[in-house]
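Two complexes come next, and they have one chain in common, chain A, joined by chain B in the first and chain C in the second.
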Partner chain A sequence: MADLINLTIDGRAVQAAPGTLVIEAAKKAGIEIPAFCYYEGLSLQGACRMCLVEVEKFPKLQVGCTLPVAEGMVVHTDSPTVQQARKGTLEFLLTNHPLDCPVCDKGGECELQDMVFRYGVGESRYIETKHHVDEKQWSPVVYFDAPRCILCYRCVRVCGEGMGVNALGIVNRGVLAEIGPNEGDHLECDECGNCIDICPVGALTSGIYRYQTRPWEMNHVGTICTHCSGGCKTTLGVRNDQVIRGNNRDRSGINGEFLCLKGRYAFDFLESEERLQTPMKRVDGKLEPISWAEALELAASKLKDAKNPGVIGSTRTTNEESYYLQKFARQGLKTSNIDHIRTGDVTTLIDALSGKTDALATIGDLYTTKAALIIGADLAQQQPFMAYQLRANWRHHQSHTYTITPGPVREDQYSVGAVRCDAGKELDQLESLRDKLKAEASLVIIYGDCVKGDGVRKLVAFGDSLGIPVKYIPLVDYTNSRGALDMGVASDLEPGYKPAAKTGLSVAQMIAAKDLDVLWVVGEDPLRGKDLGSTSAFVIVQDMFLTETAQKADLVLPSASNYEKTGTVTNVTGEVQKLKRAAKTMGAKADLEIMGLIAKEMGLNLGIWTPDKVFDEIRKTVKGYNVPLPVVASGGAAQSQPVNGRVPSNYNPAEIDSDDNTLFTSGTLGRYSKIMNSVMEAPGGLYK
Partner chain B sequence: MTFSPALEQRFEKMLKAYPEGKTRSAVVPMLIYAQDETGAVTEELIQEVAKRCGVSRLQVDEVVGYYSMLHRKPQGKYHVQICTNISCMLVGGTELYEHCSKKLGIGHKQTEPTGLFSLEEVECMGACSWAPTVTVNYDYYHNVTPEMLDQLLEDIRKANR
Partner chain C sequence: MTPTIGKLYNEPHPDETRVLTWRFGKPNSWKIDTYLADGGYQTIMKALQMTQEQIIEEVKTSGLRGRGGAGFPTGLKWSFVPRSSPKPKYIVCNADESEPGTCKDRLLIEFDPHQLIEGLMIAGHAMGSQHAYVYIRGEYRFLIEHLNGAIDEAYAAGVLGENIRGTGFTFHVHTHSGAGAYECGEETALLDSLEGKRGVPRMKPPFPAVAGAWACPTLLNNVETFSAVVPIIRDGGAKFLSYGVPKSGGTRLLCVSGHVNKPGVYEVPLGMDTMTFINGIAGGVKGGKLKAVVPGGSSCPILTADECQNLPMDYDSVAKIGSMMGSGGMVVMNEHTDMVAVALRIIKFYQHESCGWCIPCREGTTWLKKSLQRYADGGGSEADIDIIHELAKNMLGRTFCALGDAAAMPTISLVTKFRSEFIEYLKKPRAVHQHELVGIH
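What follows is the complex of A and B.
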């Protein structure tokens, strides 16, 4: 490493690597240089002049956010001249800015308010009429109020550089300059809200949250997004037991401050009028409300008498619930008919990697790997956080990305090898990239549901033949798809990928079977567009909504969502994270509690059914899940250890199928989110 | 959208003049030349330039909003610009502008009903040594007096009768 540079900041000797910016060097030394437009991770802008500092021997004040350190430099960040400059900058920023903080949506968490409080003056020399422009709505979720904008370009950069969407720009000049959306008067974009979140002032506001509350009236509950398998931390703003905001401004999760539309806004299904609040049983062909006591008793008696039951688990419920459900099925009901709907082939990969260590990548690796190959997935649509990570890796470390996909994908903007082929023929294209991939130092291969069964083995053989370190990410759809498999909600596998003592019926086989007497479905919609083969089976469904499956049920038990639960979920790359309960339920119960109560009613002893106790059992008994408790408890992501060994399975690959969600769909759940259904972009479009 | 053969040829050459992947540099010149031919920067033109230069519609829109010599509405056949910045102001630029405005009966950024003349009060045009300065389309006129201006306008009117 090159020699460190010595400089002095506010009389303190500071050392910094060549190329370090003065603002960063100061920060490391514990000295704050105020800034608006400077934003870690985004390109330099030098637009706001808030960061002016005095540097000896320079005739004029210098811009601390663009000036690199130099040997012997003497910087003053708090001299009278600098203080005066800051006052001037703030006075200038406020010339046309409305001074109505008490009614501004950003009041209380506004960077401009804080800066003026700290560095500004209480009065202004400007007495001219303020230039006013009316507020505009650009989409169901994005509003823009030009007079509040301080033209820091953060939104423009996060949308262009961070997201690769480029939907925002600056139109007009001088006092008339303002942010403009790509379609002139409205936005066609990802609707991710990252621009709103990064806006230091109340210029960009969220259609969901604006003018609902003062920020200090909320409790902030950090939990895990309940939609895709990325495992983003979303910090829910809760007031009076109502969730009114999602963001991750404290950057506490693996996703930093990134969230897509779903993690940021799609919590509104919680309050859907269609939420189930009371158990129901079928009377004369119609579902009629009954009490919990009656419902539990009915469920217990049906399950107790069952000779040939089937159990279908969920890709959204917690690890604890999945674990308890398979235990209930295997030990309580003595059946091996337990399964969940699989959206990607993880099992074959683990088998194919048997004997290798360090061959499964984490989402974090996508930011550090030298190269990545995406096969058959449109990450910007299906795995937005992964797309964000890879793009940041390319921007910050010039990593190489390759794609083999049936259609155009956003990675084309920067990929060094984009191969198009017919859907299903992706693996045939591997050879065309061989020479380029061989020259990479390391590689992460991300594959969608087009690679399954023998295809996975073929892919691993290809990876082996490259002669470089290769890691894999098998994509799955939902927040706990991975956990359902790890916990053994699988006809072929017990927890920890232990081959099942007896292989049971898969989801498709259970639906087709003519002789099931009870079907118990927890948090899944397997009968969507399908009929159950066994017409006499008693169907018990636990769900938040009257899904198609629930409509066909004999007994419906209303369940809580992940935002109303505690427990853990495991993301697509095996990271275990804790859910924190943000809101209480009305009438509905957490799935674990429902299962526990049924077990009690049946007189089964399956252990204590609190999430903590079940998690303890998981840590003790499930291979790979002996994760450090403090990491999980404190809200961190604990990497589960991949099972290393043969995993024999004869699961039919044809049953593995991704729902191919877009940014604006989320399987069954998405249908109950008004906000997801209100954004108008054509799914899959790249907005040209 | 297509332009005259001469302009098409010019654009073709222009796009090749920049290094690979830098065709966005052609946005400003392309807009100016196209505006001369079409009379104004229309939405259609914005989209066309965006397509040809490989940038988004919004990025072209940003440029159009920034540069005052790009205009979204058609101007007069003869666009008269009069500088009232310091050097010109000191030697009668402001009076010259007001004289012209009265003479043509139009104000800043307005066009005669006949469409012959339009007027604009502008900032320094980089010709301070010969202030006050006036331009008509791309031609500069130096040390302009009200009399000279009257003569100039009259000559143009005659030529267009």
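What follows is the complex of A and C.
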């Protein structure tokens, strides 16, 4: 590139694109310019004055985080003047800082500590009284300790710019200036905790992590959030088999540093007193504890004798478990009655896109696409990571966003076309945006469960008619909703969208059927608010909790959560990611193990049931899942490439229905998370 | 208490050169009929016959420099505004007069508001702007009402509004109240405040000329600067220049306070000898010999009596000896003045007014204030003087805006030029220190 700018940093020749900031140019050259308020991706502040550097021909020290590079510029980042300035700034910073590091949550991973260690002076000359204000609690999950705050405004920016919530601001001035919440004394917000995570010091602390541990006592396990289908990586801080914290501070996942309330806090269901830890069978109408051996034997005998069984899989269990379950049903039980509760129409989309390549978007595409169209979904509530990506794309690349929704959505803040319509009539509004969409360079269409069946075909026809590259994202609800379908836990489809040899009963049909003799439910709550049509059926339920379905069961097998498993899950955009086991709960077993043991008990040979072996089989046999193993194994995300061809299906679109979760609900599982309930009940409630 | 409008605060002095203030003291000088009778709103008609370039050229010729404090050449600033931009252009008048010792803008608004309005109109024509905002400090509430009255008069007389007097020129003037923050006198913080945001300074570049109010090209000047435009266009830039010295054209309003016999606001030519002014117009030093002078508002490094000898009051001469003409707020101190108390008083102001945006200013002013308070209370030591000096140096040139410098510069000058007095202070018994103990909460 001829138009690179040449400059010298610390005697080293550096080239950088025009507009590059000195701090970034230095970083690329391997030279650290320390800063607090500078944060990649957020607006520039120039407030902390930590990044002052000496630039030749400038009379004063310059701010490295706001100064763009210039041809021939000579920068010194480590001269005596700069060193002295840093010492001065840090000395100022520590004047009113309480220096309560021994009891501070941030101690050990605090940027202020690190900076003072590296650039500061050993002792302070400050002998005056410190300014003190008491700590405040702003919500069940957010505490603020003003004296620790260095006013870098990262929290204000991540909340306003990143989330579009603007729940944080600055009150008072001068040394009394502090961060304040939007409702005066409490927050009304997404409770996402990004402010806590981004805080370089211990000013903002998490209601559930605070005073629990020292950071170095934890192991950090990067796994995938078990709630919505976004597929965010959450790095769980684990001590003594107990999950204490969730974040993604190392930005190793597809979500970068983003996490919502669910990924950050809602792992507390693991510790719920309602967790099942022993198998139970119904004796005289009541569920009584039994041993695993007895339970497995009972399950095996009932399944072995079943003439007309039904099997319902889960939208949260791993790909391996889903794959194994459908294999169990089809090969072991010789039934085609296997299905899961579908929350979005993926099948019709794949059929409609037959013959096209590169038409399924990844979540990463939302950050690079020139335009996006959201149909019938409130991303901020249902897919917060997608909302974050789109907003970042708009902030950084001025992308265009269009919405067709029944009510106002947060994307309206910056969308260039917001269309309101009656629920269910969204597709009728497509034409009104045609001219604008045609002028875009590329488009990603995101649609919710209001678009299904023929609606999807109509949508794809519309996309084709625009004459621009269009990609699609069919929204589904849960962490492995997409994987359940890909793995063929479907009455109409075998793994890889292969049409089923014989179409079995769907979930609704199984519930309605009068003649099922065994119903086996793995990690799902299909009988919520419903009764099974077949009163004589023996119901086996594998779950973490005594859900409504489990309460109606004849045999309940306690299962492990995704945070207690290894395996893979596939997110809403088909990206396969690896789960790592973070904790374990005594008495509960992973669903794959339970199924394997039942198979063994029944004398079935369905192959080895370790996650690795099953994943090997998936990669070999399921179309589109031959994903690069090193990517997945090392914690990356690899998009599966679904079959490119017709997917005939006669599945009733009426059965496809989203649970319409909000930020503070997560299906049945969410009800067992105290933190999710507490934020919902707290003053502020659900921020809209 | 609302001051009585129209009563002169000090008698004019015959040695003044009254170019901007010549109507001060005339009966009802703030009314449009007296202004029109004195040839008011003729200059805008003349300006409308001139091209934008001609007006800017005239302002450049006048040698007018910003009267708000920084002293930037006004004509040059005007030439920076991209007049060809398709965006609307705005004129913003900084009437957030808050520099301690400064009280001239209020008089210009009080006694000759129409001169200011006419100045804004000329600037509006020169920039191709249709709207001016006058940002007035909240403490001047009575002035806001007063200026609003003048604006109403101007609309009623057809000198403001659409297609003024059939010239095709449209211009509107709006007032906007500050809310008690010194920081909002900083031009970019003022713009944020004007836009309804928290008044903290913006990053520069972009400068307001390019992206100011609502990110549109904006011309921002002080009340006195805009007022001076009227005589410049009326009588020509060369005439205005001739009042002063070559690089500091014209006259300037000096607000002299402290130990002088005749405190007040006087209009004098730039380049006037400091001692001539103090001993003449200001009536001489009161209560003893001269010890020190703050030349242009409390943020300016203080000058000793010796430094004031043979010192012409123009931008460059004052800068040469390490201080500034600033906003024209001159504070004179006699030999009995306690310089420790002065240092504390000054830093108290800046500590109170620091907006808190950047670390060196927020923490530095507070530390300095606490140290100086302790020192003044008798709890200091000689080492404190060095620490205070060093802390102020750590702020100087390292803060986001000039407020940090404004706090650091006088402090540095006080502890260096009057170090011996600081040391002497330590020897006095504690009981002598009668300073009010004021905590920061």
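Quick note on the criterion: the second predicted complex is superposed on the first by the 677 of 688 C-alpha atoms of A that agree within 3 Å, B and C clash if a C-alpha of one lies under 4 Å from a C-alpha of the other, contacts with A are read in each partner's own complex, and residues count from 1 in each chain.
Simple rule for what comes next: contacts are C-beta pairs under 8 Å (C-beta built on N, C-alpha and C of every residue); 3 or more make two chains touch, one makes a residue touch a chain.
For clarity, every value in this text was computed on a predicted model and none was experimentally measured.
Superposition of the two structures on chain A shows chain C clashing with chain B.
By the touch criterion defined above, A:Val103 lies against neither chain B nor chain C after alignment on the C-alpha atoms of chain A. In the overlay built on the shared chain, the residue A:Arg173 is in contact with chain B and with chain C.
Comparing chain C and chain B on the residues of chain A they touch gives the larger count to C. By the touch criterion defined above, A:Asn182 lies against chain B but remains apart from chain C after alignment on the C-alpha atoms of chain A.
In the superposition on chain A, A:Ala501 makes contact with neither chain B nor chain C.
By the touch criterion defined above, A:Leu61 lies against chain C but remains apart from chain B after alignment on the C-alpha atoms of chain A. Common to the chain B and chain C interfaces on chain A are residues 169-170, 172-173, 177.
Residues of chain C that touch chain A in their complex: 181, 183, 198, 203, 351-360, 362-367, 370-371, 374, 387, 391, 394, 397-400, 440-441. Residues 166-173, 177, 180-182, 184, 688 of chain A are the ones touching chain B in the complex.
If you check the complex, the residues on chain A that touch chain C are 44-50, 52, 59-61, 66, 85, 88-89, 91-93, 95-96, 125-126, 128-129, 131, 150-151, 169-170, 172-177. The touching residues of chain B, when paired with chain A in their complex, are 56-59, 61-62, 65-66, 68.
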